[in-house]
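Before any comments, here is the structure.
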């Protein structure tokens, strides 16, 4: 699967660069076995960033809000961390991110929200530290 | 807990009326044991519609988008049905609702999205039927 | 695995008869492929009712309360129905069952509790109907 | 997104025809809003059947076994039904399908396995009925 | 939302002090963004400790047993740690806490129980260490 | 429950030794409270390794593939780590393990797969390190 740089991949990279522009805070990196890393990167960037985030029909900020809510609700904390960084880069405020996590508390449970707040707190603190 | 009509309950009912205004499509109703129905209604309307949805910091439409994403991702299909009705009443378009469900496919899995589309389809068809 | 009636199975059936004594309301029945039904029955009755519920260390009523909370929280609604029947047979009151479901609302989310209340309501109504 | 019939879609349809060949039992159909159905079909067939199932590295039967286990464990029952049909068409036996569901009982919980057995039972009975 | 100290908050703090009395072991602390910490504390203490745990209808020990089962089943390990501390403070024995986790193994899966045992083990060891 | 070494336990230990033979890489160890460790070990080895993995009807390698898929999909990462080690010992290749995780991405979500890849990567790296 790896190798070619097709239209979907180009579109996916384009979106990814809006969430994670060079010179801005970068998200946590994930480790992959070397047996799959190239195929996975092409597959996931093309599909998630290209096919889905690259669609019209919802603004990028809306996609970010929904994704933050879903990742917090599902307790996918490492990915949530990455998308909190991306959401800030897209222009969401810290207050909005906190509000999204509070919103999901009653749907996914208070412990789930508490986990989400801890992730947001960690990202915000790291950014404050960087800026010093 | 039941009985008094306090500030939180007033605020909660106010928000609930925006999602489900009289004369508009009503959501599916849920069955409760008589031993708990009054306490639950006061507790859940005050908390979910009052304390959470009644907060500033996010527009109602944003809260609807996030909630649709979360309920679809968690596979809470009866509640999703109710909130699809509410989201339409708040002014979200059918296209936006579909787009939200597609967005969560890559985060919560394709089968989860497929369930969500079936719920949306059922609500949309029922509305079309009502309007005939 | 099927066939023999060993000590674990005897203990499991003993516990099962406390939850579902003859002449009392019976739980919903579940369908199994004929290829597995005998092995599954022996395995699950021996393990769940024998090895786990047959242990000392917690009263049966406590095991029922915890199990109701967990099944409601996980949204396993058919099984929840069966255990609501069993819990009533063990002497839990309807009020206690409702209280358990309300308790889990803040941990597993309000939509999850609403599903649980609907199951309890259905069981209670069916029992009232039987008694007429 | 809809319209073109590209390489991924061709590959996806090729795989889908192995799971659901004409003249064999067909899976349950799912309802989609007309606003999204074309885009979704192209997206999901290309991605799930093309990009994933169309990969080398695992036999189709292996992909079926894993998918049955995962869908049963996640409680995605409508999709499980579809894949039980597909697995039978690929040559898995009923005994193997039951064994997969029993395997996941200890990892995802006994109630989850019981739900899975009910789905398998329903599919097997419907096939027996068709053959009469 | 923050600021006033109303009846619900007073009741909530009262319950919280039974789970975590001064001078006894304290639970792990959670990090919150400063943008939300005050609102969240008031909201969650009032709702979880006040509205729910403050209700009559179930003894505090019962609420603790159910909550431990649910948090273990949902894999909310940080929160489970806090409630194991609270449950011990309310008078549950270590044996009972282990029994609750074993009970949920067959409903939520053995890996989920294993995670729960690790949390209980960590809390018990820390307490033994404190007492030295 | 602890003490006797019955037929199920013997069978369970036999299977466990195939997944984790002496002299090969050992899985991560889990911590248990001393109040439950003996009962749990007997219960879980007899049930999971004896009653389930010890059954005929599926090859051990098939049980490993299904279990890896399910644990990855459920996000049970510590247990996934143990079974990745066991799967390698049974003869699965690293490529196959990666392929299983990629397979579940579309069913359980991309973030869930990413977590799984990180676990596989960690195990593979540790093995490479050992071999140096």
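Order of writing sets the chain letters: A, B, C, D, E and F. Residues in each chain are counted from 1.
Just so it is clear, contacts are C-beta pairs under 8 Å (C-beta built on N, C-alpha and C of every residue); 3 or more make two chains touch, one makes a residue touch a chain.
A quick note: this is a predicted structure, and the numbers were derived from the prediction, not measured.
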Touching both chain B and chain F (chains): A, C, D, E
Chain whose average C-alpha position is farthest from chain D's own: E
B-E or E-F, whichever has more C-beta pairs in contact: E-F
Most widely separated chain from chain B, with each centre as the mean of CA atoms: F
Contact-pair overlap exceeding half with D-E, pair selected from B-F, A-F or D-F: B-F
Fitted rotation between chain A and its twin chain F in degrees, CA, nearest 5: 120
Inter-centroid spacing, chain E versus chain C (mean Cα positions, whole Å): 25
Between chain D and chain C, distance of the C-alpha-averaged centres to the nearest whole Å: 30
Inter-chain centre distance, chain A versus chain D - centres from mean C-alpha coordinates, in Å: 29
Residues within chain B bordering two or more other chains: 43, 47-48, 55, 71, 74-76, 95, 98-99, 102, 105-112
Touch-based graph of the chains, sorted into line, ring, star, complete or other: complete
Sites on chain F touched by chain C in the complex: 1, 43, 47, 51, 55
List of chain E residues in touch with chain A within their complex: 30-33, 35-36, 39-40, 43-44, 47-48, 71, 74-76, 78-79
Touching residues (chain side chain F, partner chain A) in the complex: 75, 94-95, 97-99, 101-102, 105, 109-115, 117-118, 120-122, 124
Of all residues in chain B, those that touch chain A in their complex: 47-48, 52, 55, 57-58, 62-63, 65-71, 73-74, 76, 95-96, 98-100, 102-108
Residues of chain F that touch chain B when the two form their complex: 106-112
